[in-house]
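Shared between the two complexes below is subunit A, which has subunit B as its partner in the first and subunit C in the second.
What follows is the complex of A and B.
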């Protein structure tokens, strides 16, 4: 069970989310996608370009999709009978994200009959920084991830992938707490950043990959690699620094 | 994006050949049988809504912002279901002008408008909208403006203006062009304003009644505004919930000076504000409403007054398109000879990637704008 942290600074890292979504769906894993930023059709259309059909996956039960934008309207304007995962939108000071955790738990729980229709469960969150904007504290979000890790990663041997925006030099303290806290817990960090020299048409940014072993903090050095990338219509092409086809 | 669900209600229940009312049918006659009406209603769904066009990049439905130069920079226009955030310039001169262009474009296209403001009565805002350039006389003066224009879109402009020479003057409502030009020295004709459907939300008037949502860390003003918007969307069927609508239309929402103290929010006043999540929550729920309906929203926000920079970053992340205006008035650049041709700078801070991994982004980031009487141009800054 691994926690993969995606973060983007100065650029849009959503291509990583689309990649992981299609990757895990193709690998026949059961995916719970908490999509707080865009609508279902957006992910569906991009997913089709990457080769997966989200509607088919949702219908056969492989994908459990929480569409944040649409549900927020329901939660906000109509009182709900039973607790809703996004209930914190209605309350003045929500303490924790327990309803959301319950939702994830319910979605990824392995089938009772013991037969696994799918491989390991995966939780995908896009993205966690939005929860801070909606009134949750950094500690509440960290607790939520901790609970999810205990259940999904440790108990059910699944994976978690979460996107967090790196606010860079704007002094967003809550976001920094969240980012640092998650960085220390994760096994793999993918950091997408814009080029330091500014905007370029052929190189959209730089991706830094960092492998970590959180359980042994003082042990061997973490491996890291850096690539530059250019996003295309149906894929992303990576190349070593300075080796963009436009330059060579 | 917006789920446009038409339903075939026109099947004659009783007789065979029914002369049905032209709700979803293209032809007057309608044969018996549910299948025929199904195909008819899907055909009418393909009939496009006035004032919109699909994007060449991803087929997204776009509306014009009222400023063709800005439409081009945003990849063809503003996508239906998204939010355009305009970061106001210091004295709110050009941003309110852009706001008015957006509303004027809605009136010319026959869209429904929803104008929300805490500062000015929406009726007053409507009176100040610029007049559209649609007729012959406009074209002559237009030509001299066009000659000064250096980019290649000038040829396209002249061609488009030619076509509308033939239209009678008051056909403005059914104008099928995408993106119009406006004359800021003249006001929009009263007939056009009265012919359009406008919902106004003036916060000081509505602030007295209590909202029927329990306080949830949103300021009073935002809760009322959200309820108002949701009400309009639901009642007029912009979210597809009301199947009796015969003609699909777009709702253009314009919110002025969001975040200013007049809305009851204190993020512009202090750095450590009490309800720092108010604005961001509002934007999130607003975007949720927009994504599930046929509407587009333009918000102007005095971001230069917001003390807490973290909030600006969060607001940017929560909006789809963000454009910042920086005018030269009152700054040292006004007298700087480098900038003498321009009135200010325009920064395209964010463009959304909708239904796509990539987006249309122009190569140039150094953009300056200049306002002439009949033309608001955005150009590459030429002299460095």
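What follows is the complex of A and C.
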């Protein structure tokens, strides 16, 4: 089970989220998507361009979708016996994200009958930085990911992909703790950055790929690669630095 | 054996790392996202276990299986893993979580040290520092140094060695300074161009602290391979001579003799002269 960390700085890294969502759905994995930023239809429209139908996946049980924007309202207007996954929105001093973890656990737990309808479970989160804006502390978010790692990655050999924003602001201590804390636990870090020289029509940004093995010694090899990219309607094209077709 | 301070020679360097490995007390391993320190921690754990010591590991960040990966049976038999990874905060309510939470687990790990030399590995100290007050951790670490007296009033046993993995970017200067003051040695990991290096700061009693920087690598069987001196600067590419930017210009950068004379005889506006 691997933890992949997506982070963006000075640019919008959500194209990576859309990529991993369609990638894992096409690979026949069971996916739990905690979508706090956009609506279901937004992800569905982009998913269709990438060749997957989220509606169909949700109906057949392959995709469990927590639509943060819609269900956050339920926290206030519906009284439920068991805590809502976004219960922390309601309580003044929410200490932890245990209800959200329990939701993920329930969504991805293997079927009792032992029949594996899908391949490995996958948790996708878009994104974790917004939890800080909603009042959770960095350690609470780290604890949530810790428990998800212990269950999804270690116990069920699944994967986790999470997006965190890098504000580049050294004053934002909570976000830095979250970003660095997660980086130390990740096996793969994909950093999307805007170009240092500013906005460009033909090169949308730069992607840095860093492989980490948190506990195995690394042989001498390229641990990090950098590519530049351009986002198109149905795909993203990558090229080596300075080699954009528009420039050559 | 007389210790050498900051020796500059092949044997001196190896001695420095060996002396760190032989030190009792707290040894901090500071790593970063780019240069992870868990494999060095595992290499030191392996060395301690093969040296006949009992090793207690408080594992917070990785599972027991992942930590034990790479160790052979000799090391694994001497390694006691205290699992704080699966359920550190007792969310599962199954009663398997360590009583007293993370602080209780830290104290238990420190107390379980039996007779004979013991090494305690904290993986990681950063995980504990984010969730426990710094003072409580420092107290637990200090208590480790004191509590190793044999029952019955006999001579005190060898002090416990504590290897603490610390992630450099996660903590402010306060906790870092507090732990530094308790540590007998600090090993800071960095590197250039694929080669890992360790900066070792040793504090020996009654001596000045000594610094040393070494290149090293961890072999697949988790043994430590020291490669001698400080990392070299990356060599400039020999195939590409340095480019002179003033060649092939479409404009003239140089002054002719007449232009130079005119420039030299110009009076600058801020210089006072009798004419102005």
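We adopt the following convention: the second predicted complex is superposed on the first by the 235 of 248 C-alpha atoms of A that agree within 3 Å, B and C clash if a C-alpha of one lies under 4 Å from a C-alpha of the other, contacts with A are read in each partner's own complex, and residues count from 1 in each chain.
Here is the rule we use: a residue touches a chain if its C-beta (ideal position, glycine included) is under 8 Å from a C-beta of that chain, and two chains touch if they have at least 3 such contacts.
All values reported here derive from a predicted model rather than from experimental measurement.
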| item | value |
| --- | --- |
| First, second, both or neither for A:129, with subunit B first and subunit C second | first |
| Touched partner set for A:142, first subunit B, second subunit C, both or neither | second |
| Greater residue coverage of subunit A in the superposed arrangement, subunit B or subunit C | B |
| First, second, both or neither for A:196, with subunit B first and subunit C second | neither |
| Complex contact set, residues of subunit B against subunit A | 1, 58, 81, 213-217, 226-227, 230, 277, 280-281, 284-285, 287-289, 291-292, 309-310, 312-314, 317-318, 353-358, 363, 365 |
| Parts of subunit A lying in touch with subunit B, wherever the complex brings them together | 12, 14-15, 18, 38-39, 41-42, 45-46, 49, 68-73, 76-77, 89-93, 129-130, 132-135, 165, 167, 170-175, 198-199, 201, 231-234, 236 |
| Subunit C - residues contacting subunit A, complex | 33-34, 36, 38-39, 42-43, 61-63, 65-67, 69-70, 85-89, 91, 126, 130-131, 167, 169-170, 194-195, 217-220, 222 |
| Of all residues in subunit A, those that touch subunit C in their complex | 96, 98, 101, 139, 142-143, 146-147, 150, 154, 176-177, 180-181, 183-185, 189, 210, 212-223 |
